[in-house]
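So, here's a batch of structures to check.
Two complexes, one shared chain (chain A), two partners (chain B, chain C).
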Partner chain A sequence: MTAQEPCQPSSGCQCPSTEEGSRREFLGVAVAAVAAALTGCEKLSAEEFLQDKFTELSKDDVQKVIARLEKEYKEKYGKEVKVGNAPPVPGTIFGYALDLSRCIGCRRCVHACVKENNQSREPEIQWIKVLELEKEEGVNLQHAEQYYNPDEVPREGHFYMPVQCQQCKKPPCVKVCPVGATWREKDGIVVVDYNWCIGCRYCMAACPYGARHFNWGEPTIAAKDVNPETHYLGNRPRPKGVVEKCTFCIQRTRQGKYPACLEVCPTGSRKFGNLLDKESEIRYVLENKRVFKLKEELNTQPNFFYFYGV
Partner chain B sequence: MSTLRNFSRFITDTIRIITTGGPIYYAWVALLLLLIGVGANAYIGQLHNGLLVTNMRDQVSWGFYIGNFTFLVGVAAAAIMLVIPAYIYDWEPIKEITILGEMLAISALVMCLGFVMVDIGRPDRFWHIMPAVGRLNWPQSMLAWDVLVLNAYLVLNYFVVTYLLYCAYTERHYVKKLVTPLVLLSIPMAVSIHTCTAYLYNGLASRPFWNSAILAPRFLASAFCSGPAILLILLQILRKTTKLSIKDEAIFKIAELMAYTMGFNLFLTAAESFKELYSGTEHMVYFQYLLFGVKGHNTLVPYAWASIICGAIAFLLFLVPKTRTNWVTLNIGCVLIYASVYIEKGMGLIIPGLTPDALGEIYVYTPSATEISVAAGIFALGFLVFTIMLKAAVPMMLGEFTINRSPKLDAAAAAKSQEPA
Partner chain C sequence: MTQTPRPSILPGLFACVLALAATAVTAEEHKKPHAAAVEVPKDQVQVPKPPFTEGIFPCSQCHDPSAMAPNQKRRVLKDMHTEISLHHGPDTRWCLDCHDAFSRDNLHLANGKLVSFNTSYQLCGQCHGDKLRDWRVGVHGKRTGMWNGAKQYLLCVHCHNPHSPHFKPLKPMPPPARPEAIQLKNGGAK
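Entry: the complex of A and B
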């Protein structure tokens, strides 16, 4: 099978234009104006500036915030973007398992993820990194190659290991965040409040899996490419200067659907389900296959597992 | 009421004294303002385009800004190198000049806060991290701790400096029972700011280069040799250009203390290097990247060795009493140790901590023009803060500028005759 394009090493990125129509209908609060000047962001409203952390908002406030965001997205992309806030389903803890003996490194998952989750296309952000590893070396990250680009995959003597957020039970990123802008939900998904994150990037230093990504520039997505089915804590379009990460497609999985990366996988390497459900496929894998966790020695306790299916 | 009136006179007189000076003073301030302008201009560009204009990326997510921040926390902490001999050993010659160390600490902290501010992606949300108004993730996050201790240390030093100068201005003796405990308190606080900053990195199991128990001791040891190096040069300048009397023995005493901390710093660096290189586990790759390069990537190698060699030469110069008390070799030693620690904390700590990244990728980072311009602006801001504090403090300390010798016409003349360079 042919491999899709890797994300190029990001040195040569162009600065995207940040010119957008001035939207100052909320202007009037001086402090927000000063803050707007501070960020160089022409459209910071007083409501946005003063918004409290998501977990501290009342139900009414959440609705107001969502209405505001939907209005902003409509103005920006010229189409309806729905921002959901579905809570965790009780009795659910999501788990993911990836079959290293099946994965062929085609990167279909990488690009399906970008499409589903509204990542910035320029500069390009990808939540899944597929590592090409040498069979002789095993899982040795010092021998990993992310930018492999042969005519055909899999390459002789190599195997492939996609890495994304491992949704740790003890997430170091959550522990270090100085403002509590990221936390682990009851269903085990680690989320970020993009409206509370200050962009200090401490979580990125703390994450052992390189799973956190920063919006170094203004994120750009063509209006036609915007996925309008979003979640506040997941794939809604992000602002500049904040951190984002894989949420197991929170907007899909909380509605009983599979993550986009799983659906697109042509080899069936990806398994997903409720760890608390004894009948689930994920439980079958954990109970019957040889499973390991990436960087187990760090005791982050991932809910993302790797296994050898055959 | 009279205190209030005196204090407002103190403020207005201070403003007057810092706005009047000779041509050298004006030229120096103008140069600093120019650099601040260059930095501000670069920063506006960064605000507009995002941190994309830096060379930081997901792989190396912290760089020059945070390196400078770390170095300057050390400078701020080093003020207590004057406090310890002065107050613990009751050594009079240094006591008179501890206020200079405290002013240096204030300037360094201003720069620290500046570097944090320019590094964050959403400066408009700075209030989220402020104690009381924001939602500090304390005690979990080491960064939350750092915010608290850095601000407390800034307030403490600012209070002590202002109080001492106000007393000098009103020709009263300061209340010892108030000042001594505060100055003594500044010792554990100085240790805590640098320890917290070290723990910030130290606590990350994902980065083996930082995840070493001697990181905090190394931070302290290196800070206590680089910070005083700045002070030593500064003291020599001040006593040449003002009437401030600073005894030789005070300078040599500080130099002697520095020799111990430098030796200790080198020892700790050697201990860390030995452990990594001899045991040769997979964690060695970060040290390798720093000292020898990995897979042909060796940008850091010359810096790393320059730092080690400068540190070793400076140590020898400070260790031998003859070279320690010779002004030429002493000053060479000061410059060398400053350079050594600046490289070690700037390029040598943050970058190898993040290279190779968590998934083994090597992204070669060097600061962009924007990063260098913004950093120059912040350094200029720190120097400006220090300059104007000195401008007001020196005549007050000398008793030339007080409430009774209120400076109207004669003050301008007096100020002109004693410019700090």
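Entry: the complex of A and C
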């Protein structure tokens, strides 16, 4: 600590660091034991209980947290699960566009998403909800049906509108979080720190798109189904009692790949790219097609767009 | 309710290639999207091999001009290629409007210029110019690979059978569980 830095009351700068460390350690174990006794979360380790907010962790602490998580996942699933923490790609704001004139409602995206992002399987949490809408009504959500299950899609007189997290520029979910466990990253992805989320579900109430989902029970996912390529803020296996959401496949897109839902779409309805890149597909869509935002009147300012490609 | 295809897809269909039966999708050719204009001529886009029915190409293995003179009379085929039923464009259209009678392993444009099966999008683009334009920039059809780098492209015929180009309906994957069903499984609503 430098002389110029103001003394934090909690950091105990007067004390020698070793003493501070041992006292903190002791307190940590004691607090964790009490917390375990009170909350019944006997699986919660002292380190996890004392882990700071992800955004406030030092680089070393992030590595420690990741190492701990990887160890826990290995014990739980019996295989190596890599937990990444790739930062946003500089000069990138992700945008997504979905062609309503092409989507046929086959739900390939819904299930590819579940597979990629390690959602609970029983009951299955799905980050994408495909709405069947009536052509006569247009985008009228009062006439939306999400449980449609005919032999073949598209059904006559209907069109299909997949809804997932719209990665808003003004995300109401972030605004209401009482603990700051969810935020918008520099590349426009709204993420959740599952280790900081307290499960109050305010964000679910605030989201006008129904894009957030809660782990009411211990998430169930067979070891063989776990996707081992994960990101701390994305698809790593979640604990019970936290909220989760679409992250544009943060573990893929920050490595330059397309999201899983886009790659599986048989009709090519889904377009993804960097809004700041004038040459990108997404910019072409925004500049040349008829585009709208879902519930634009709420001023959430989504980076997810719907368009008519035909 | 009847299960007919959506009419709004119709304008999205690619046209004019006649002898390709779309079966398998093979695809491993990469291309830098932004470098495209430099690497390949403007009317050329690198694409995977066309999805031929196995054993059907090259056409010249049967259509040997020395053994069989091409019959250019407009007719319904009775001996060969009977599995092909043409649902594409006007009734008067037939095989040799797109396939070349004298260079069997090629297609031809309206002006007679030969086009290989690997660049059949040029033929499709004669009628569906707006789709070709969107396809070149990656908005019509699917791109896979990297959003900021190498992408894999598909030919029109990988998704649209040129003889019957309407995108075929699919069986939807299972719907989400209803809350009641989840409650029932857990012993009913509390």
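General remarks:
Keep this in mind: the second predicted complex is superposed on the first by the 276 of 310 C-alpha atoms of A that agree within 3 Å, B and C clash if a C-alpha of one lies under 4 Å from a C-alpha of the other, contacts with A are read in each partner's own complex, and residues count from 1 in each chain.
Please note the rule applied: a residue touches a chain if its C-beta (ideal position, glycine included) is under 8 Å from a C-beta of that chain, and two chains touch if they have at least 3 such contacts.
Note that the structure is a prediction, hence the values are computed from the model and not measured.
In the superposition on chain A, A:256 contacts chain C only, with no contact to chain B. Of the two partner chains placed around the shared chain by superposition, chain B and chain C are both touched by A:129.
In the overlay built on the shared chain, the residue A:215 is in contact with chain B alone; chain C does not reach it.
With both structures placed on the common chain, the touch criterion links A:265 to chain C but leaves chain B unconnected.
Of the two partner chains placed by superposition, chain B and chain C are both touched by A:146. In the superposition on chain A, A:105 contacts chain C only, with no contact to chain B. Of the two partner chains placed by the overlay, only chain C lies in contact with A:274; chain B stays clear of it. In the superposition on chain A, contact of A:309 is made with chain C only, not with chain B. Shared interface residues of chain A, touching chain B in one complex and chain C in the other, are 123, 129, 146.
Touching chain A in their complex are the following residues of chain B: 44, 46-59, 61-62, 116, 119-126, 128-129, 134-137, 140-144, 147, 200-201, 203-207, 282, 285, 353-354, 356-361, 363. Residue ranges of chain A in contact with chain B, taken from their complex: 9-11, 13, 15, 18, 35-36, 38-41, 44, 49, 53, 56, 123, 129, 131, 140-144, 146, 163, 172, 175-181, 196-202, 204-210, 212-218, 239-243, 295, 298-299. Touching chain C in their complex are the following residues of chain A: 89, 101-102, 104-108, 110-111, 123-124, 126, 129, 146-159, 253, 256-258, 262-263, 265-268, 271-274, 277, 279-281, 284-285, 288-289, 309-310.
Those residues of chain C lying in contact with chain A across their complex are 1-6, 8-9, 11-12, 33-34, 134, 137-149, 159, 167, 169-178, 182, 185.
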